[in-house]
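As written, the chain order gives the labels A, B, C and D, with residue 1 at the start of each chain.
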Amino acid sequence: MIDFEHGLRVYWEDTDAGGVVFYANYLKFFERARTEWLRALGFEQERLRVEGGAMFIVGGTTVRYLSPARLDDFLQVSVRLTERGRVSMTLFQQARRASDGALLAEGEIRIGCVDSRTFKPTRIPVSILQALDAAASTLPAPIPE
Amino acid sequence: MIDFEHGLRVYWEDTDAGGVVFYANYLKFFERARTEWLRALGFEQERLRVEGGAMFIVGGTTVRYLSPARLDDFLQVSVRLTERGRVSMTLFQQARRASDGALLAEGEIRIGCVDSRTFKPTRIPVSILQALDAAASTLPAPIPE
Amino acid sequence: MIDFEHGLRVYWEDTDAGGVVFYANYLKFFERARTEWLRALGFEQERLRVEGGAMFIVGGTTVRYLSPARLDDFLQVSVRLTERGRVSMTLFQQARRASDGALLAEGEIRIGCVDSRTFKPTRIPVSILQALDAAASTLPAPIPE
Amino acid sequence: MIDFEHGLRVYWEDTDAGGVVFYANYLKFFERARTEWLRALGFEQERLRVEGGAMFIVGGTTVRYLSPARLDDFLQVSVRLTERGRVSMTLFQQARRASDGALLAEGEIRIGCVDSRTFKPTRIPVSILQALDAAASTLPAPIPE
């Protein structure tokens, strides 16, 4: 589950009058990839929210926009877990154009787990932690919290 | 409250690679105007949802896109109540460019009131009905449900 | 190419505070399906815009919102060509939840071909017309312009 | 022009199923404020793009999401120029809820000027540089490029 990848197409809705993908939309692309990464780990966020009373929220994002993507481009968006705590984690994500591998945008996304009613930080559910640790066990080196 | 108007600016986020406002965004512009129209009548939807357990949802939209708007254009979006029932209403809305009055898009939006938990149709709160009727009393002719 | 279908997932970006898909986003879902339908017919819109100087724009939309979709739902969005002229066409589209087949939204979308610089109506490129006619030849009955 | 502020309302379109503003939308809010800041300095980006052949693009964003905003909240979004080069600049921006002053999100946005056709870096137009310098002259201390 290291270097999970999710493919997606650029549609009209993603572009702006500059003729390229509107930069804020890379945050959407990154999130789609994280959602599919969690799904691949066995977790659905709507179920987590409704049944578990917990949500992952984004606490911070740092993104570098390197090259423009255009309508009809097909992108590969990657997810790598780089830090895992008990209430939050950090992911490194990249978006590349599939046709030529050009790096379009990349960044670090910090995710926190909160109570879906109060928005107060809460422990990441144990089942998810275990799945993350199983994935993280193959990382090159442990990363302290 | 007939022909309520709300002004808004076109930003990068609203445009697409065609260089003009992405057509789906007129639904957002129309909704901003409806929200401000309700606010002008004395109602806030978040309070209605949290305290009253009711939400207005959109049941149907018919929109004609007539002329393109561009980045930096300032638009005037109108709201006219054309039909009022006990659980739903219909509004006629237009978006015009302020600088030259050009009609950009117009359409009919059908709104229904639902229980915010079950999404089942529910009566529009009496206080809102009364405010709507006060506004509607100035309409040219009564419109049967 | 009749009843073309495109599958897509509902992500956080697609939802609103009502807990369901924001209705305006069905226009985005419908467009993604139309884009993939054109791609399946052999046409890419960015190439059409840059090389051919033509764009398809949306002239009118009528959408009925029937049932709410939620985060993590997987949708099937259909495209059926119902009318084909020389500068415009009309499509009937539906969005269903894949898990139970529930009809979420449906509508008619009128598309016109315009010069990408002047936004004036122009003929749909012959190659596209031919591909559409090949698809339309299997329709139950001819639809006059 | 230091600490320019732009007010905006949170609408349904801005929220997600968590019941709060979708975090990616703060980038839109920040951009609306930057656009109004440039307009207040006398510059319109559409004119710059069409007549001047130049565009400002976002090269990097670092945003911290501190507290959730909800439907109907009115926000004040600030813009402060913190660094000014010949082809790029950096802005510090904050979004606060007007009613209680709560800091919702803040971050640094790096903007670059590019040729609107080739997307290659180009000088910020002299007239804009002069306006920025006039504004920057009131900054506490010069910031080297």
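Here, contacts are C-beta pairs under 8 Å (C-beta built on N, C-alpha and C of every residue); 3 or more make two chains touch, one makes a residue touch a chain.
These numbers were taken from a predicted model, which means no experiment stands behind them.
Asks: A-D or B-D: which has the larger count of contacting C-beta pairs?
Replies: A-D
Asks: Rounded to the nearest whole Å, what is the centre-to-centre distance of chain C and chain D, using the mean of the C-alpha atoms as each centre?
Replies: Each chain's C-alpha centroid was found; their separation is 34 Å.
Asks: Please report how many Å separate the Cα centroid of chain A from that of chain D, as a whole number.
Replies: Centre-to-centre distance between chain A and chain D: 24 Å.
Asks: So the centre of each chain is just the mean of its C-alpha atoms; given that, what is the distance between chain B and chain D in Å?
Replies: 28
Asks: Give the residues of chain C touching no fewer than two other chains, as numbers and ranges.
Replies: Those would be 12-13, 17-18, 20, 24, 28, 31, 46, 49, 70-71.
Asks: Name the graph shape formed by the protein chains and their touching pairs; answer line, ring, star, complete or other.
Replies: Looks like everything touches everything, fully connected.
Asks: Could you pull out which chain A residues touch chain B in their complex?
Replies: Residue list for chain A touching chain B: 12-13, 15-20, 22, 24, 70-71.
Asks: Which of the residues in chain D end up touching chain B in this complex?
Replies: 9, 11-13, 28, 31-32, 35-36, 39, 44-47, 49, 70-72
Asks: Give the list of chain A residues in touch with chain D in this complex.
Replies: Touching chain D: residues 17-18, 20, 23-25, 27-28, 31, 46, 49, 55, 57-65, 68, 116, 119 of chain A.
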